[in-house]
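Chain IDs A, B, C, D, E and F follow the sequence of writing; residue 1 opens each chain.
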Amino acid sequence: MPVQDLPMPPSPAPTSPAIGGDNDDEAWVWAQIRAEARRDADSEPALASYLYSTIISHSSLSRSLSFHLGNKLCSSTLLSTLLYDLFLNTHSSDPSLRSATVADLRASRIRDPACTSFSHCLLNYKGFLAIQAHRVAHKLWAQNRKPLALALQSRIADVFSVDIHPGARIGKGILLDHATGVVIGETAVVGNNVSILHHVTLGGTGKAGGDRHPKIGDGVLIGAGATILGNVRIGEGAKIGAGSLVLNDVPPWTTAVGNPARLVGGKEQPKIHEDVPGESMDHTSFISHWSDYVI
Amino acid sequence: MPVQDLPMPPSPAPTSPAIGGDNDDEAWVWAQIRAEARRDADSEPALASYLYSTIISHSSLSRSLSFHLGNKLCSSTLLSTLLYDLFLNTHSSDPSLRSATVADLRASRIRDPACTSFSHCLLNYKGFLAIQAHRVAHKLWAQNRKPLALALQSRIADVFSVDIHPGARIGKGILLDHATGVVIGETAVVGNNVSILHHVTLGGTGKAGGDRHPKIGDGVLIGAGATILGNVRIGEGAKIGAGSLVLNDVPPWTTAVGNPARLVGGKEQPKIHEDVPGESMDHTSFISHWSDYVI
Amino acid sequence: MPVQDLPMPPSPAPTSPAIGGDNDDEAWVWAQIRAEARRDADSEPALASYLYSTIISHSSLSRSLSFHLGNKLCSSTLLSTLLYDLFLNTHSSDPSLRSATVADLRASRIRDPACTSFSHCLLNYKGFLAIQAHRVAHKLWAQNRKPLALALQSRIADVFSVDIHPGARIGKGILLDHATGVVIGETAVVGNNVSILHHVTLGGTGKAGGDRHPKIGDGVLIGAGATILGNVRIGEGAKIGAGSLVLNDVPPWTTAVGNPARLVGGKEQPKIHEDVPGESMDHTSFISHWSDYVI
Amino acid sequence: MPVQDLPMPPSPAPTSPAIGGDNDDEAWVWAQIRAEARRDADSEPALASYLYSTIISHSSLSRSLSFHLGNKLCSSTLLSTLLYDLFLNTHSSDPSLRSATVADLRASRIRDPACTSFSHCLLNYKGFLAIQAHRVAHKLWAQNRKPLALALQSRIADVFSVDIHPGARIGKGILLDHATGVVIGETAVVGNNVSILHHVTLGGTGKAGGDRHPKIGDGVLIGAGATILGNVRIGEGAKIGAGSLVLNDVPPWTTAVGNPARLVGGKEQPKIHEDVPGESMDHTSFISHWSDYVI
Amino acid sequence: MPVQDLPMPPSPAPTSPAIGGDNDDEAWVWAQIRAEARRDADSEPALASYLYSTIISHSSLSRSLSFHLGNKLCSSTLLSTLLYDLFLNTHSSDPSLRSATVADLRASRIRDPACTSFSHCLLNYKGFLAIQAHRVAHKLWAQNRKPLALALQSRIADVFSVDIHPGARIGKGILLDHATGVVIGETAVVGNNVSILHHVTLGGTGKAGGDRHPKIGDGVLIGAGATILGNVRIGEGAKIGAGSLVLNDVPPWTTAVGNPARLVGGKEQPKIHEDVPGESMDHTSFISHWSDYVI
Amino acid sequence: MPVQDLPMPPSPAPTSPAIGGDNDDEAWVWAQIRAEARRDADSEPALASYLYSTIISHSSLSRSLSFHLGNKLCSSTLLSTLLYDLFLNTHSSDPSLRSATVADLRASRIRDPACTSFSHCLLNYKGFLAIQAHRVAHKLWAQNRKPLALALQSRIADVFSVDIHPGARIGKGILLDHATGVVIGETAVVGNNVSILHHVTLGGTGKAGGDRHPKIGDGVLIGAGATILGNVRIGEGAKIGAGSLVLNDVPPWTTAVGNPARLVGGKEQPKIHEDVPGESMDHTSFISHWSDYVI
């Protein structure tokens, strides 16, 4: 069954020449973003002010992102200066947050054919922005600053229509495509390199409290409108068809489709995509498996 | 089939010692909210300003709610002062609105395990806030102030992504969980103590005008993404599975699942939950009925 | 199967006496809108300021719409004056944009029984407003002003929770009812007089780049929550049931329902609705076809 | 010496037919203001929204004034809803504040030839608005709510460039013309029917604390840029020339001019102006006294 | 007596190579402004967004100025889009307004040694901006759109602390230096190439209505804090000392100083400054005349 | 002659027990400010949100001041986040700025009898806030970031009506009382412990460029409305009467009054005030000298 919008990039994906660690990678991506923004500012004067204020005037990706999120998520009662401060202090001081941001940027750039530049993702992708804000809320939650974490969740839900409980643990390299209506519960766990389309629910079982939300393995792809409920395991590399309702475990490298969901794909090649050209998981390979079920 | 996020509270639910009427109950809940906000303000200075402006500085629940809604729903062309005035005048003068607000707060506090305090619901739950604003819009609609009611509907739809026609009649003790994408049509009626998850549609039949939307009985539970269309009756205590499409009546105490929906549960114990410990309807009891249909 | 909210208007639909071209029609609709707004301002002083600023003070529909969109879509980093200028210059100079706006207003007024006036649609319908803003973004995209077009897309997605890629080609006379959660991909094409409910996805196939999104024929009706994926053709006058998942072509005048979708309707009368009384396609005629599949 | 802008009205001054008390007078003035605003809204669509939101939509002068002041004096950290509430509760519950507002409106309307309507004063005169906000701050001061009173003083000083200590006691029927730069100290007292031009200082003596600011009698006229320092008495009906520096008492019905000030006028006719046609004090009668001192 | 801040420019004043008319001159100045802004944006990233939004993104001086004024003078009840529209329509359609703007820019650039670039004046000089907004208000006044003109006056007085009645007629090439506290009455007339410092009052006489304010000739210089009252004539090329109080006519090419003012300068060379190097009136030549009067 | 508002504090001035350096002093003052704000928040719930957001939630005086200035001086085109960042980075990294802020707070607290707490000054004194913002602008100027420094000057002039050229050098322990209308030119120098009332001008001579503004010695007191023009020296401990016009040097410990100014005081006791109880210069001692000149 085809899931949407998740192909290989039409042109060779951008790669960092850096062999060094995360810092080098962050620096390279940030340099790309600034170069893209400068190019766009030159070609589109009407957008130049926006590009300077959100990207070009900043000295780091953390500052740019914190500025952008602060201005997106602020309200008349939660001021942009407060949020900016909160994001900047949290994000710039935590290397794991910064490397996750870079991995998410790469995920969008490589897996979403509509994503033509890093700066496009940074500026315009509500899924990307919601995830970055969630990571800060999650860190606050872990520090037992729960009221502040929940206030952030609320702002993310209002502004982006993405509702992720700050307790949820989310890996790196996440693509939250289109993102409107995504709901992820408190005890959900999402692995690395997962792609989640809009209207996806990782919901609870109805068990009071406790561990009651799905566990999503690395490299999983979840189609638009899929609903996964309860403390079930979606194995590594599995694919969940659009509109599916999943209430049980799904084995690794398997495809589940339908309402309620049925397993339709056999074991696939167990090769995790890593967002580098030539190694990317083919998010479309299970289309053929589902063709019998459709018109 | 498991529906999500609707279990019993892990700890004993808070109860009001008051034996008196609604006023006592409102006073008790408001005192709780203020105490919670003060505690959070003490522990989290970054949030204290927000908590004081939205809760602690106000002399009543009506004022706090009106302030919060006014600032959430205002825009550059619909000023916060106008909306604040409208909410305050309507809400503080109508005891039934105030008791409905209290019942909704209790519903979230008891039925949603992620809801750890009344103030969390008041501040952060877009479903709760959307319902409160709708109640005011509905009252305006009943007073034939339709253009203003429709303008409110539009603001609620923009800000919370919850689209409830001001003509719809909604009972008390409603939990609108996560809430993004909920659509409720003009002639819909929703009973008391109903729980509705996100992406739920109570839509029209296509009949021109007239009574064309669902009638939802007391204590009904509607799972995420369920679509109920037409002037159908969902009986008291019924449960609608996540992702279901319902086009016909569902008898009381029955469960309907699937697209299109099938009845899967027999008659259950006809005991309406009333959000007090020991009497709460078990929203999860129908999970077993659906296990055959899933992977 | 009933799809919702798309009947004939209960009262005779308003018609323009003008026999002339689009200009006459636009003038007539604009005159109606102003008259409605004046009537509402007289009856509801609390709303008068809003009605004057958004409608009555303006000399043309283009100005009113540009003002309204500029104030709806602005942010602290994309100022209302910039957006107003952009919308006004683009909209007022392009007769095809203006006639599309008029056709969309008519579509809402005629097909949606909850739409009681043109001004109600202009002011309050997020689907209508999202489409109008998209048309401007699409024109910018065609002029190769892509960064600006994508920034507009992002604002529309944030504010209205409607995510339409600026590359998508959308016809005239579109009703985007309720609209929350609608996603339309880059290479999608939507014909004239199409009605699309909320949560509808016109998504990609997973093919990298290229022509990968659905093609929707004239007069098609797509129910709430339907997901259509890939470069498939939905023929003229076809109907897609609520909650359906469509992965293959659907012939003209045919109905598809279910997840995955099945064809349930035979060929119907090939008469395209044109939003004038007596000629309107009956969006509800296929309800009977689906009754077997439901409870 | 000519003082400026304080002549008789060119046309017969408006009078209230009401013989009743302050309530009747307030009602009559409010009716005038609304009629003026409606007339202006009809003739100037671009201003209609502003006139409706600030005047026409309100049910009383207190509400209109509180709305206008709340929106003028708010900031990102002192919200309009808070200020609106504060002004409305204070102003509407205190008949003396309301009658003072009416008297000030009359003072501007009668004494300032540039003031062509009551609504012009209510909307546009920063001196009038600063005085009304001060009256509320003064009441808070008297209730020992000093931090809030001082915060209001600060906002008035920022927005209107008028700095009146909340402790200062100000009479009724005050015309604060142009108003920029007016400074009035904590222990100053200003009588009724006083006219004060811009840049006027009623400052302290340098004595530590205590009663250290001027006492201004009824019907006094103080020209632009005059500086009066210390606990001196300016007698009833006295006139202080523009640019004068006054450090000693000035007897009633006397004129003082120059830096330092000299008495130049003899005793004048001891007839207090009361802002009704034919009885108004002639604010220009002392011009002749000063003609020797000028070029 | 020295008046302040009005010397020759230290470096050769910029000249337009254009020999053509006003249009050429406007184009040349606008090109200079954009070049300055681009240079500053390159050197100061923190300011680049501001410079792009206010200057570089605009296609004409009228658009840039209208955008800047709209955003400076807007309030929560008078939206920036409304003001932008008003300024743009008025300014861009009236060549005399445009040439006056250019002349005022030149006046600041040449006469104020602290004015180092045209863009500095356009962006930062509240006197310049107040005058430009006044010119629009004056045109509205002349068109009998008085309520709107008075609302503009009020906004200018709030934001810039400059209070110019919209009826006042102001020439070209005006330098309103520092500007805070300037008050100019309804029937005042100010000639061309006049320099006015802060705190200057051109006030009324106290005559009821009628022609009651000063008439200021071409090339006059009025020092800080000077007060000129009544329908007096200040002759061409005259100079009024700082802090002076002027109540009678002042002959051309004469200097008046003191409170009350005395004539101290004899006839000077009757050569009007025209803001071109070598021909500029020496605003400081009368310093020597006053030296006897000072300490 | 009495100058106003500058006496000894009525109660013993607050002293720091710290014997250490500036850091200890800053810490002590900051602790006082927080304690005051907490006390006020407890007693006045309506102000608590404001006090938390501006003071109590911050971890240092630099953060509190930067937040407050950022929100006061921001506009729709110069965002609060940008200004906050700029102030915070500049202020927190420069000990001399921080010690100047503390000295200014002490100056207001000790010399102004209306200043009843440090927090009152920090929150409400536009003169204090204008000086702090100027110090940042001056530092930018010194770093040759002139366009940004001038933009700050412009915002300070708009918001506080205080116009200080960023080139001006200002000492520590400055009291800018009331502050409206103060103008200080580019080459002015102001010593330590200087008190300046509102409407004071330190203006230029008319010499083109160069060093053309006054030099004000330590401990000088300048009364309201005084105008000092040209590169003149006002000696240590001198006093300038309100409304004076000073065009020549004034010797140390001397008093100058009048327009034009005359020396009226003999040499006084050469004891500089240092804002500690018992050592404070008596700002009122020259009153007796001037009594002959007045009425």
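The rule we apply is simple: contacts are C-beta pairs under 8 Å (C-beta built on N, C-alpha and C of every residue); 3 or more make two chains touch, one makes a residue touch a chain.
Chain identities (UniProt): A, B, C, D, E, F = serine O-acetyltransferase.
Model, not experiment: these values are computed from the prediction.
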Neighbours of subunit D that also touch subunit A are B, C, E, F
Computed over C-alpha atoms, the centroid farthest from that of subunit C is that of chain F
If CA atoms of subunit E are superposed on subunit F, the rotation in degrees (nearest 5) amounts to 120
Here the gap between subunit B and subunit D, centre to centre from mean Cα coordinates and rounded to Å, is 51
Distance in whole angstrom between the CA centres of subunit C and subunit F is 59
Taking each chain's mean CA coordinate, subunit A and subunit B are separated, in whole Å, by 29
Going by residue number, subunit A touches two or more other chains at 46, 49-50, 53, 57, 71, 76-77, 79-80, 82, 161, 180-181, 199, 225, 243, 259
Contact graph of the chains (line, ring, star, complete, other): complete
The subunit C residues in contact with subunit A across the complex are 75-78, 82, 86, 145-148, 150-151, 153-154, 157-158, 161, 163, 165, 180-181, 183, 185-186, 199, 201, 203-210, 212-213, 225, 227, 229-230, 243, 245-250, 256, 259-263
Residue positions on subunit E within touch of subunit F in the complex are 1-10, 40, 43-44, 46-47, 49-51, 53-54, 68, 71-72, 74, 80, 113-114, 116, 120, 123-126, 159-161, 178, 180-181, 197-199, 224-225, 241-243, 257-259, 283-284, 287, 290-291, 293-295
Subunit E partner, complex, touching residues on subunit B are 76-77, 79
Subunit C contacts subunit D in the complex at 41, 45-46, 48-50, 52-53, 56-57
Note: in the complex, subunit F contacts subunit A through residues 53, 57, 67, 70-71, 79-82, 84-85
